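Listed below are the structures to be examined.
Two complexes come next, and they have one chain in common, chain A, joined by chain B in the first and chain C in the second.
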Partner chain A sequence: MNRRVLHIVLPLVTGALLLTSWHVAVKLSGSDIFPTPQQVLAGLGELAQQGLLLKYIVASLFRVSWGFIAAVLVGVPLGLILGWFRPAYAALNPFIQILRPISPIAWIPVAILWFGVKDTAPVFLIFLASVFPITVSSMAAVQNMQQVYLRAAQNFGLGGLELFRRVIFPAALPQIITGIRIALGVAWLVVVAAEMIAVNSGLGYLIIDARNAGKRYDLVVAGMVMIGLIGLVLDVLVRRLEKFDEVRWGYGQR
Partner chain B sequence: MKLIRTLAIVLTLWLLGITAMHGGLNLHWFAKTTGDGTGEKTFGVGFLPVTCHLTCPVTHFINKEMEHHDMFQPMRFNGWPELKEMFIGRSKDMPAAFILAPMAIALREQGVKIKIVHLGHRDGSAVMVHKDSGIFQTTDLRGKTIAVPGRYANQRIIIYRELKKAGMTLDDVKLLEMPPPDMPAALLSHSVDAITSGEPFMGQAELDGYGRVLWQAKDVWPGFISCVLAVHEDAIRDHRDEIQRLVNGIASSGKWIDESMSHRMDAAQFVATNYYNQNPRLLSFVLSKPPDRVTYSRLKPLQPEFEEIERLAKEVGMLQGTAHFEDYADDTFAPDPAKVQAPHFEVKK
Partner chain C sequence: MGNADMQNIITVRDCWMSFAGKEPGAEIHVLEQVNLDVVQGEFVCIVGPSGCGKSTLLNIIGGFLEETRGEIYVENAVVNGPDPGRIFVFQENGVFPWLTVEQNIGFGLLSRPETERAERVKHYIAMVGLNGFEKSYPRELSGGMRQRVEIARALAADARVLYMDEPFGALDFLTRLKMRSDLIRIWQAEKKTILFVTHDIEEAVQLADRVLVMTKRPATIQEEVKIDLPRPRDLDSSGYLAARDRIFEIMGMDAHGGGG
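Right, the complex of A and B next:
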């Protein structure tokens, strides 16, 4: 089978099967509340017509972008430092591991208290959700680095910042990128939780708002579908990073 | 390093672009500022898209239409916890909020310096059962599961009061806490036997054809109080005028809503589209079937009524009984309901 068929036709077939079984399941159950795929599509159309769809997508992307990029800017350097300097690791790692499993939903009261109900609060929640996976993967990347690179570098007399910039960082980069990719998925995943705060735009808000709007579960599912589709696009974009030589050398051949 | 440079450029452009789009589409950065420019200092008032808080958007709307400026900043929330957290955590940004009466009293007991200055509505609550269920009177609820909105919801109190009349206690039923928006679906799927919360969620189950009213609050406890307008004591000290204007506005717009059925239908229309994001049909239903399902007159807080809530809430175990009317209420802002005038306002058709 050629690649085109494999990567375009097969997903379409799976998609069609899933949509059909969704439709049939709703019809068979006789549910008046759960929407069929057509109703969801109509709901999306209605949102698009009101101009809300674009507004909500932009709002969610805005919050995720800022929260996530802030997490990268903090998490990567922090992870590199913790991975390299043992005392720093010993001092901070336990606390990172304590904070890491706490769900962003639990942070909502804190976010409201610190930031009120402006955009900063959801950005903060998304930052929290993504900074720990990034830190931990950068840390592990440095710790797992092959000793041979270091020894070679030391033989060449490299040390200090130069060693970091020319050896440690490039060696850790492939694993850091993998960590970033996972973290982006997490950041996008928590958009619903982050927008539970009283912001009045965003795809997460759309879901929560539709639940308050009487029987508009078509819009709830429309929000879910849009989050899923954008998640797919984000993953495709991040995968492109793997095409760069700086990253590709670190991956296996398969 | 090619990768890092490319990433830095792409991400910077992306951040600038998405920020500009968000600013333009959602925050209206580029919109020309309208209004007289005096821009009254915005006074945040928290509310939820429920019928119990209807006077908040109605007051805001009528004032905006008649005076062309914002009397206050209505801040819409989607659930009780976030509303409460903002209200008690950032009182500078949101000094006033519509909250459940027992919750206001409980917060006061816990040391949060707030006062109830006005009621938000009366009645406007019901117990709904599935239309096919065999529950026709209070005693049929024995052993059944009833969904209630939360720990400090008045619905707990009214159920307790009704059970007591029927010689039962709360141990005879199973109460389950559930966010009101999820209740109609829970009733439809028979996950619970009965649901109770403020409107419009009860009306929705009825409108969609699977809910049957077991009783309306107005029939078993006439003048039932659920949500009140509470403000921080700091705000009472520093912003008396804003609070007085707000209370007057709520009293008079309540009168306006109750003045005629056409006002109720207009309110359903403009509130559903501009503030609640709901189908106006739902609000129209709740505000008209029957017309006294929820009412908005007689909103001055009265001591004996609150003492009854206090007593029952203490019996249920919701309150300690350490805060009293003079601690948690300030009825000096509320005008005498008999003297409240409805504004001369008609919606432009």
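Right, the complex of A and C next:
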């Protein structure tokens, strides 16, 4: 079997098996709360008809976009500076390493205190979640940069901003993009958690609202499915960045 | 040397490079009392076993390392960091992978007018035989082609002196032979001064006007061998073999790999 067929047929077979087991398991258990795949599909249809599905997806994507773009705008320059200037690294890195392991979920009460239950709170949480992976990967990218590029650039008389723009940044870019990809995954995880508490729209809100307002588990699972599918689409989109000629050299043989 | 119309381009006097050893007070001398001269347009090879400090010496002359003690003059001035007129060609290849072949070759020319830059890039792409690969990225090229790009980049920037640190070390045997003859052709056409470091004695004898033989203990230039043979060189001629065997002998072994 050729590779392309393998990569289409096998996932379809696995998917069919999983859906069947799901269906059979629900039927065997006799549960009338947990939905079968058909009920979930019906739930999605219901949401789409009410116009809520698109509205919630847009709301979630909107929050992710703002928090994530802010994280890129802060994280990439900050990481480049920390990677290049030793005093900046010495002064700030310990605190980045202390803040980094604190789950964004732990910041939820603080976010509510600072921003109230408005859009700003989840945007802030997404920013927090994604700024650290972006900063750390940008920093490591500069620190791990091959010395030979730096020497060649210095040999041609480059210094200051020119050195940054023409050599350090392009040399670091493949690893920066990898950090951005990881950060987007984390951001998407966090938006759902943030919406469960602070706001009244979005896929996270859908899940918690469907549970609270009448145990609509078909809608709960429908929300989960949408989160998974959109997460996949986001990852595929960011992976496309890795195909550009300017960065492809940085990813080995693929 | 001694000839009035030959100008000294590189002068190294009593150069030492030392690191602190493990025991207090103990110093490890990577270079000891090195002296060398290279005149304008000369092709000089430094040959020696790995770890003898030859690459360190080249990095000091190139301005990437600072000597512990000694005087280093290049083009009549004390070396004070790298200089765009004197380009280093690295063994591990310093071609920028995010730029195309022509962008790499034009890297040192960005202050020049667009038309002049394009002309020079075109000229040197042809000289190193990379026509048709202008828009290719380094990852699409072979190791030999990447080294050609790096050499062309140095030439296009109008470097007067080339420092080459085992530039063909990572290439296969046939590519290496081809690169050597191409380098000689380019050197003859461009009249650059070349200081070339290698551990390969055959390579040194094929390329150089003079071979400086470095030894490990002491870490210094042991002897100089003049290679007064016509180019292209006949690798079976008695002059070639004699020079090669002489260098083997200085390094303490015979040409068949036996210890001396």
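Everything that follows uses one rule, which is that the second predicted complex is superposed on the first by the 250 of 254 C-alpha atoms of A that agree within 3 Å, B and C clash if a C-alpha of one lies under 4 Å from a C-alpha of the other, contacts with A are read in each partner's own complex, and residues count from 1 in each chain.
Just so we're on the same page, contacts are C-beta pairs under 8 Å (C-beta built on N, C-alpha and C of every residue); 3 or more make two chains touch, one makes a residue touch a chain.
As the structure is a prediction and not an experimental result, all values here were calculated from the model.
Contacts of A:175 after superposition on the shared chain: neither chain B nor chain C is touched. Contacts of A:197 after superposition on the shared chain: chain B is touched, whereas chain C is not. In the superposed three-chain model, the partner touching more residues of chain A is B, compared with the other of chain B and chain C.
Judged by the touch definition given at the top, the superposed model places A:109 against chain B, while chain C stays out of reach.
In the superposed model, A:135 makes contact with neither chain B nor chain C.
Of the two partner chains placed by superposition, chain B and chain C are both touched by A:247. In the superposed model, A:155 makes contact with chain C only, not with chain B. In the superposition on chain A, A:36 makes contact with neither chain B nor chain C. Chain A uses residues 170, 173, 245-247 to touch chain B in one structure and chain C in the other. Chain A meets chain C in the complex at residues 146, 148-149, 151-152, 154-157, 167, 170-171, 173, 245-250.
Interface of chain A with chain B (complex): residues 32-33, 54-55, 58-59, 61-62, 65-66, 69, 108-109, 112-113, 116-117, 119, 170, 173, 196-198, 200-201, 205, 208-209, 211-217, 241, 244-247. For chain C in complex with chain A, the residues that touch the partner chain are 62, 64, 81-84, 86-88, 90, 92-94, 96-99, 107-108, 137-139, 157. On the chain B side of its complex with chain A, the touching residues are 1-4, 6-7, 11, 14-15, 18-19, 21-22, 25-26, 48-49, 75-79, 81-83, 85-86, 89-90, 93, 179, 181-182, 184-185, 188, 200, 204, 208, 276-279, 282.
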